[in-house]
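A short worksheet on the structure shown next.
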Amino acid sequence: MRTEDIISKILFLCASFSAVIVFMITVFLLQEGVRMLNPSFLFGKTWSPHRELFGIFPTLVGTLCVVAGAVVIATAIGIPSAIFLSEFSPFWVRNIIKSSVELIVGIPSVVIGFFGLTVLVPFIRDNVGGRGESILAGWIVLAFMILPNLITIAEDSLRAVPRSYREASLALGATRWQTVRNVVLPSASSGIRAALVLGVGRAMGETMAVLMVVGNPETPWIPLGILDRVRMLTSTIAIEFSYAEWGSSHQYALFAIGVVLFFMVTALNFIATFVIRRKNIQ
Amino acid sequence: MKEAQKEKAVRGLLYVTVGLSIVILPIIVVWVIANGVGAISLGFLTGRPYRFEYGGIFPQIMGSIYLVSLCTLFGAPLGIASAIYLSEYASDNVVTRTVRFFTETLAGMPSIVIGLFGLEFLVYYLKLKTSLLAGAISLSFMMLPWTIRASEEAINVVPKEYREASLAMGATKWQTILRVVLPAAIPGIMTGVLLGMGKAIGETAVVWLTAGSGLEAFVPRTLKSPTGSLPMYIYLIATQGHTAEGLQNAFGASLVLLVMFLAMSVSALFIRNHYLRRLGS
Amino acid sequence: MSNQNQLITYAVVALVIGATVGYLAAGPITYNKQIQDLQNQLAAGGEAKLRGSLSIAGSTTILPIAQECANLFMEQHLMVDISVAGGGSGAGVKSAGSGEVDIGEASRNIKASELLSYPDLVAFSVAKDSVAVVINSDNPLAGDLDLTFEQVSEIFSGEITNWSELGGPDHEIEVYTREEGSGTRAVFVDYAMGGKELAANAGVKPSNGEMRAAVASNQYGIAYVSFGYIDDTVSAASINGVEAVVENVNNGQYPITRILWMFTKGMPDELEAAFIEYVQGPEGQAVVEDLGYISIY
Amino acid sequence: MSNTYMINGDAAAFSPRLALDKVVFKGFNLWYGDNHVLKDIDIAIKSNVVTAFMGPSGCGKSTLLRSIDRMNDIIPSCKTEGDVYIDGRNIYEPDEDVYELRKTVGMVFQKPNPFPMSIYDNIAYGPRLHKMASGEGLDKIVEESLRGAVLWDEVKDRLQENAFGLSGGQQQRVCIARALSINPDIILMDEPCSALDPIATIKIEALMRELKDKYTVVLVTHNLQQAARVSEMTAFMYIGEIIEFGATSDVFENPQNELTENYITGRFG
């Protein structure tokens, strides 16, 4: 019994470790960043560290624009694809496509960024206009990143709907699509929504791939069109952290951006967990 | 027959989107392979980088391997132990719910934030410098929640009957876990660990801040050596290399990185598909 | 043995083999060669007393010099590993001052605020350099572009926005700039901007290499880079009628010069000193000139 | 078998011979949370006899069985009161070593639950756990256990194959062999045939009759015919209480309690 107790204590310590890490991250982000968290930081319109102006509003809006567009694109392609795979495709087709999609979940983002930089940006510049580096390029690159994950999770939640539901609906004379729309999708919706929320979080936290294609203007402005260049919260940290002097308000401002990111992603996580939990209760 | 027509229309639409997925998703892989194969040569794989555009990527390949192996060495045992605690020992109380929530939070943490933390805490505060060790530990923070989640799922799938049978033989809880639960859960755990390794090997922001942001021309000799990695190489060459040679090398490195990544996800899926099915029977 | 155990074994074996193959491939190729070289070196009466690793970061202007010197230095001292990273001059000062790296680099002088934050930095000059305005070599103006500081400041602050105002095609001028920590940017702003702010819509590129790559791939781009980064993919503009070449900097006609620095935190230790001496020495200075910079002598 | 040993539900008349009876429940109560599952159980189970517990689902018969090797301990909300004696020793004493206890009590579950290992490793699991033998000694234990479960001839050539490759009946006999491997005194069987086809059931029942020569067998079943075919002693349980306990022939032919009679004649259950 003694050894059993010791083992359980050790295991508890291990389990607490990730909590400790998160706790430490939170504490140290807040400690460095909280002094900059004020309305003029969140709603200030100018980010220009050498003039001591730290307003992240345009960056925040830019980030949300890029993330929202990417999620919309990924949803528009991903959800119907998932419906097709789980409800309409022959088994062997589904197997091939599904396992190929699963294979590229989490493909290194720097490779996607490389693609964006060398193919997408020149393509947009030559065929759509602007400098190529744009919100549009950010959309496509991020959509690439979240699409495989979205298809996989959405397809899984669709397939988790018991077959008896489908049979019951079909037996009442409903068509396949009516069945999908009225029975399968509602039952799977919480899983799909959770997948979407997690996709938003993932897109928001992505650094490298978007950094390479969104343009990062000297002083970001609130974007007015899809060819405008923006900064992301993450890319601002990535570009500027290496030279922000110790103890300068610039450094605290970058930590404050970290705090904002942290809370947005944690909130999304909370929502996703809540959605999933509600599904489980049903 | 309006419904039948609608059904047809919907089907058509679905065919279009799935066709779009089929065309779009492999584009990057195909693009990298098509452009990268020409770059691969013995010299490229075994040489070291020279100025920005020339030479090989041997230190980067080794750096990535070292980083990921070390990160797995830290992250996997810790993650598996945590999962065992959460699924076998923890009763549902405030402490475990907190631990679980924090674990989920860590999973969603933007990698740049983890990198910042690694830089401040490991590099500056613990004075590890930008090094193999700092990079590997930071990567393991990122990998940890995924390992925990996958291991927990794998452990929960193990039927209750196995545990009962073992306990009824007079085994202690820990003996049961070690001899029955873990062996049965290992395929699932390995799937999770491999997927986590795939995430770690492609991660750029974290290694940039903690392991080394340069074009290292040497294989790390100690844990404190700065360490180059494939993602960092690709980032540097893709953004700064402006000549045909540079582009070619970036393609070659992308291909190598992709092959390593796919090797991990293929083996993960292989293990999952060939094993978990068996367990279910 | 059961099938399940077999599969586990396969997977583990595959992993182990994967890791060891990589390692073993590394072993014979690099280490045997290194040991052999070391033996040759010792047999030839050379010394191998320098060992250890050195990390260098900072100005991307100095990056090519540091990289090349590090390569040559490592060939001579086989037990030394030198890592060279970019980051910009601000990063060079910060990371050397905070002890993150051993040697920092900056392509501008240390700022007063930095000296307050990091009082124990010791600076060594390693080369001289200048800053050139560059455009794409396919730009119709390439080769003929001659600007005054006035025009430069108007272009980079966004007052002149179209190439036609400079006698070129009717297309927007696409301005790129370095990040604020950059030494090249600091020098450029000091000399050429005349107190004006850089255009808000200028695209930020955090290294000389990215500035050059951006202009090289954008026919309507304009940027400023270190002389060491001028090559045939970009075309440097003349300033006040003076061509942007090293001779004109040396004879004082080209209006921008600057000194490139390396720093250590406190006095350099043996290895750091050896490397800095190497860069300042004849071999290092040959590299400096070879790469298009100006020797300190 | 004798008809002489018989008690009914009357607690006052209960005078167990702690040293002579194998398992004795004395004033035993068990709760899952607020749910009172076993109520004042008094019963004495004799050595080398098959004792069957029957009753409608939810009557607590499986719980009672699992109280004998304290397998209910793994359910967090479980709470007990009263004593259970094995060979005169109270196993609910605080200092009781449950692991030693479970070693002396083998258990076979409702659904065949071999481990996902080879047949050999399944049987060798317990002996290895308790470091009873190794090498040839272990081989011998495996062989004896499999012979004990009348499975040896069917599987002796494929001991290294995965136990999942066997049929349901064979898997259940692997589980019985596994229970035998640690050389227990008592074997608990919790509806061991409910997941099996008739032919496999017949084999297992025959095995049970053989096992009682060496072991004390306690069987839980909802199959009346099985209780009648296999056991010498039968207890009838209803909502956590033992309604009637006696020689199988008496309980079936001449039930004392109306509930028992209704159950046996198929009026409910």
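We just call them A, B, C and D in the order they show up, numbering each chain from 1.
Methods note: a contact is a pair of C-beta atoms (placed from the backbone, for glycine too) under 8 Å apart; a residue touches a chain by one contact, two chains touch by 3 or more.
Just so it is clear, the structure is predicted and the values come from calculations on it, not from any experiment.
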Hop across touching chains from chain A and tell me the fewest hops that reach chain D.
2
By mean C-alpha coordinates, which chain is most distant from chain D?
C
Counting contact pairs per chain pair, which pair wins?
A-B
Need the central chain here, defined by C-alpha centroid distance to the all-chain C-alpha centroid.
B
Here the gap between chain B and chain C, centre to centre from mean Cα coordinates and rounded to Å, is 31
Rounded Å distance, chain C centre to chain D centre (Cα mean):
79
Between chain B and chain D, tell me the centre distance in angstrom, where each centre is the average of that chain's C-alpha atoms.
48
What are the residue numbers in chain D that touch two or more other chains?
116-117
Residues in chain C with touches to at least two other chains are numbered 3-4, 87, 98, 217
Please set out, as single numbers or ranges, the residues of chain B touching at least two other chains.
172, 183, 213, 239, 278
Mind pulling up the chain A residues that touch chain B in the complex?
3-4, 7-8, 10-12, 14-19, 21-25, 28-29, 32, 76-78, 80-81, 83-85, 88-89, 97, 99-115, 117-119, 144, 147-148, 151, 175-178, 198, 201-202, 204-208, 212, 234, 237-238, 241-242, 255, 258, 261-262, 265-266, 268-269, 273
Residue ranges of chain B in contact with chain A within the complex:
3-4, 6-7, 10-11, 13-15, 17-18, 20-22, 24-29, 31-32, 78, 81-82, 84-86, 89-90, 96, 98-99, 101-114, 116-117, 119-121, 141, 144-145, 148, 172-174, 195, 198-199, 201-205, 208-209, 213, 231, 234-235, 238-239, 247, 250, 254, 257-258, 261-262, 265-266, 269, 273
So in the complex, the part of chain C that touches chain A is made up of which residues?
87-91, 93-95, 97-98, 113-114, 117, 174, 177, 179-182, 197-204, 206, 217-218
Using the touch rule from the top, collect the residues of chain B that touch chain D in their complex.
91, 159, 161-172, 175, 179-180, 183-184, 278-279, 281
What does chain B use to touch chain C in their complex?
46, 50-52, 58, 61-62, 65, 69, 123-124, 127, 129-130, 183, 186-187, 190, 212-222, 224-226, 228, 236, 239-243, 263, 267, 271, 274-275, 278
